[in-house]
Amino acid sequence: MEFLVRTVNLLPADTDPSERDRLRKGERARADELRAAGMLKRLWRVPGRNATVQLYEAADATELHAALASLPMFPWMEITVEPLATHPQEQ
Amino acid sequence: MEFLVRTVNLLPADTDPSERDRLRKGERARADELRAAGMLKRLWRVPGRNATVQLYEAADATELHAALASLPMFPWMEITVEPLATHPQEQ
Amino acid sequence: MEFLVRTVNLLPADTDPSERDRLRKGERARADELRAAGMLKRLWRVPGRNATVQLYEAADATELHAALASLPMFPWMEITVEPLATHPQEQ
Amino acid sequence: MEFLVRTVNLLPADTDPSERDRLRKGERARADELRAAGMLKRLWRVPGRNATVQLYEAADATELHAALASLPMFPWMEITVEPLATHPQEQ
Amino acid sequence: MEFLVRTVNLLPADTDPSERDRLRKGERARADELRAAGMLKRLWRVPGRNATVQLYEAADATELHAALASLPMFPWMEITVEPLATHPQEQ
Amino acid sequence: MEFLVRTVNLLPADTDPSERDRLRKGERARADELRAAGMLKRLWRVPGRNATVQLYEAADATELHAALASLPMFPWMEITVEPLATHPQEQ
Amino acid sequence: MEFLVRTVNLLPADTDPSERDRLRKGERARADELRAAGMLKRLWRVPGRNATVQLYEAADATELHAALASLPMFPWMEITVEPLATHPQEQ
Amino acid sequence: MEFLVRTVNLLPADTDPSERDRLRKGERARADELRAAGMLKRLWRVPGRNATVQLYEAADATELHAALASLPMFPWMEITVEPLATHPQEQ
Amino acid sequence: MEFLVRTVNLLPADTDPSERDRLRKGERARADELRAAGMLKRLWRVPGRNATVQLYEAADATELHAALASLPMFPWMEITVEPLATHPQEQ
Amino acid sequence: MEFLVRTVNLLPADTDPSERDRLRKGERARADELRAAGMLKRLWRVPGRNATVQLYEAADATELHAALASLPMFPWMEITVEPLATHPQEQ
């Protein structure tokens, strides 16, 4: 099942640069794992914002939550999840 | 997977009573089938409104949409769907 | 450039079935053309609603508008368009 | 009477881990008591968020408030309460 | 248990005056009964609007819904219900 | 003239307990005075929140503001005020 | 006491011109009476809209409602009323 | 002074094509006059919608309202007006 | 040209009292100057809030912004500005 | 392609004046470069707010994001981006 996921990164602007860098690298590494596992299918940036739109594939909302919560930036992320149904034109 | 479903019934107030009655009976009959199939797990009325809160179990959003669209009142229903994840306290 | 497009179909519930059918077939035929042209990349149904989420590729907002306005259901569609930027992780 | 309760946990991301752990354990212990008392009937996680949806049974809003305020995380919780009426189909 | 109830009357402006009059008289008569039964405790007009704020006493949301749905204007009313808890200062 | 007043208490969760206690006692004492003066007619708790709904009687908005601003918690309160008109059924 | 009043005129665009004209003339005549009575103190147009901002003086919300409801366009008006308190700088 | 103006065209989808055509031509002709007068400085389409964003120059809100109300489509337009101040970087 | 201005004062509740006092006095002195200059025509308090509604007269939005930004509290003020057009009834 | 960009500057009111000054100068210098490059076409101040409306020209949302993120104030800016399509009247 596919989910449309939106994230806004609320990490404070005055966060220590090395800590921010460490989080960003960890975020990317974990995202690469989720991509390799076929869960993170697409990732876009919202222009002008520290925010993203993502397309996820997961068995259900529980598996999706586990994936999102495994990202190092999760405690600072404001995330919304929207379930997507298959459209007849794509069946 | 469970979904929280909210419905608002927008059937016009001046609908012919016999047509309204026919729709209501069909709605109930189809809801009973979904209940028997284990998909419609709970159903509440929002006090003061022609609206409901429902708890559904479905394989995914596609199966859920098919169930909702099979209800006779569907063309007049404003529906929102929220995916629910299992909470660790219930595992 | 990619765009996230959301549509809500406001065609009245009491539209003549044959007219509705004619519009739906025309909608699908035109969508197939946009798909073949590489503009309509993905199409999902919003569960419980006569609404969709779509992923479009277009040169700019002007080309995108022309594509959306070419669909037979356009006069009854409420559409919102969100521009998407490439994320560094996908570059 | 049943109530649909939504919670968002606003405990700051930089809270001391041991304090956070202490609060979480207390939260779970108190929730288990409310569950045993028949008040907390269901508990779901909102995917992607430190938030929940809950189904409560209480005599009235005053008893419900007392239950919610007895949870150790209450001072950091943003809570909304929605009253639910029995639907004729479940009577 | 007390509930704060808000109503907006959406009866069309071009409703036949005698029908409107009939509904208003029925509305008042039924409200008087609910008042006599101790359910409708206060009733205010929202200035400038065909809308009210009401204070109800009911055993639960189910009894409240039955009372509201028994009013002749109910099909044209947009109603919201808010549960109220006793405040310690009034105990 | 009556006013419906809603308050949300934004006093930080980490406020010193003795200071919080002092404010609460002062709040109650001042509320009792306003009650004795016939201004604070009813007071409810919003279940699940550090928030209230209140019914005030005041000559006008200026007198009401003076009453609200005289409460010790006022600097931490988010307050909204709604004017109420007498309904013909209560005249 | 002063009130800030906002109106939006929802008279349908296809109303018969002579009926519209009759309503407009009646509206102006009644507004002139309220102005002469010292109740309607200022009247502005919201640019681009069939809407106004108004400053009223009335004993209370009940008197204000009676004034607003006496205007011929009232059944088509969406009105919001905000109570204003005297500011210390104007005392 | 410059204003940012947003319009949404609410002309019903089932309007007679010849009437729609007449209105569109009149709209364009009047817009050309406002452009020639230096009032309508820019005009964009909101992609996917029968809506525009416009940049106007007018002496004040009264002159702007007169210009907008002179457009043949005005009775079906939902318009919002935002005042713009000169930015120091452009002085 | 007239503008309706709304302000919310976000100065933190724990600001040093002498600093707050200094700002308030400066605010009043500057407001008196704007009043004397014919720019600040009316000033109301929003009951229950540290907020105001104001009526300004200014040549345009640029002059208005300069006036608002000259007030000592400006850095802590959340301000919204609405342009007002002359209504035919006041011409 | 043109974009309408709105910014709100959330730099804390108590930021060190010299740091604020350094950021402002850097902001202006970078904006001048974007202006010279033909990307920043117009810039307005929202009256009463530390906010702007901007008109940008960019190849796509990715180039626009790079431009916006290159401004020194970017970490404190809340930015929204709206895509604009060419209107037939301007073609």
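For reference, chains read A, B, C, D, E, F, G, H, I and J in written order, and residue numbers begin at 1 within each chain.
Basically, contacts are C-beta pairs under 8 Å (C-beta built on N, C-alpha and C of every residue); 3 or more make two chains touch, one makes a residue touch a chain.
Being a predicted model, the structure only gives us computed values, none of them experimental.
Rotation angle for the C-alpha superposition of chain C on chain G: 145 degrees, rounded in steps of 5. The interface in G-I, B-C or H-J that matches A-J, meaning over half of the contact pairs are the same by residue number, belongs to B-C. Pairs H-J and B-C differ in how many C-beta pairs touch across them, and the larger number is found at H-J. If you average the Cα atoms of chain I and of chain J, the two centres end up 26 Å apart. Separating the CA-averaged centres of chain A and chain F is a span of 43 Å. Chain B and chain I have Cα centroids lying 50 Å from one another. Among the residues of chain B, those touching two or more other chains are numbered 3, 45-47, 61-62, 64-65, 81, 83-86. Under the contact rule defined at the top, the touching pairs of chains are A-B, A-C, A-D, A-J, B-C, B-D, B-E, C-H, C-J, D-E, D-F, E-F, E-G, F-G, F-I, G-H, G-I, H-I, H-J, I-J. Chain H meets chain C in the complex at residues 13, 45-49. Partner chain G is touched in their complex by these residues of chain I: 2, 4, 28, 31-32, 42-47, 52-53, 82-90. Those residues of chain I lying in contact with chain H across their complex are 1, 3, 60-62, 64-65, 81, 83-86. If you check the complex, the residues on chain G that touch chain E are 3, 5, 61-62, 64-65, 68, 75-81.
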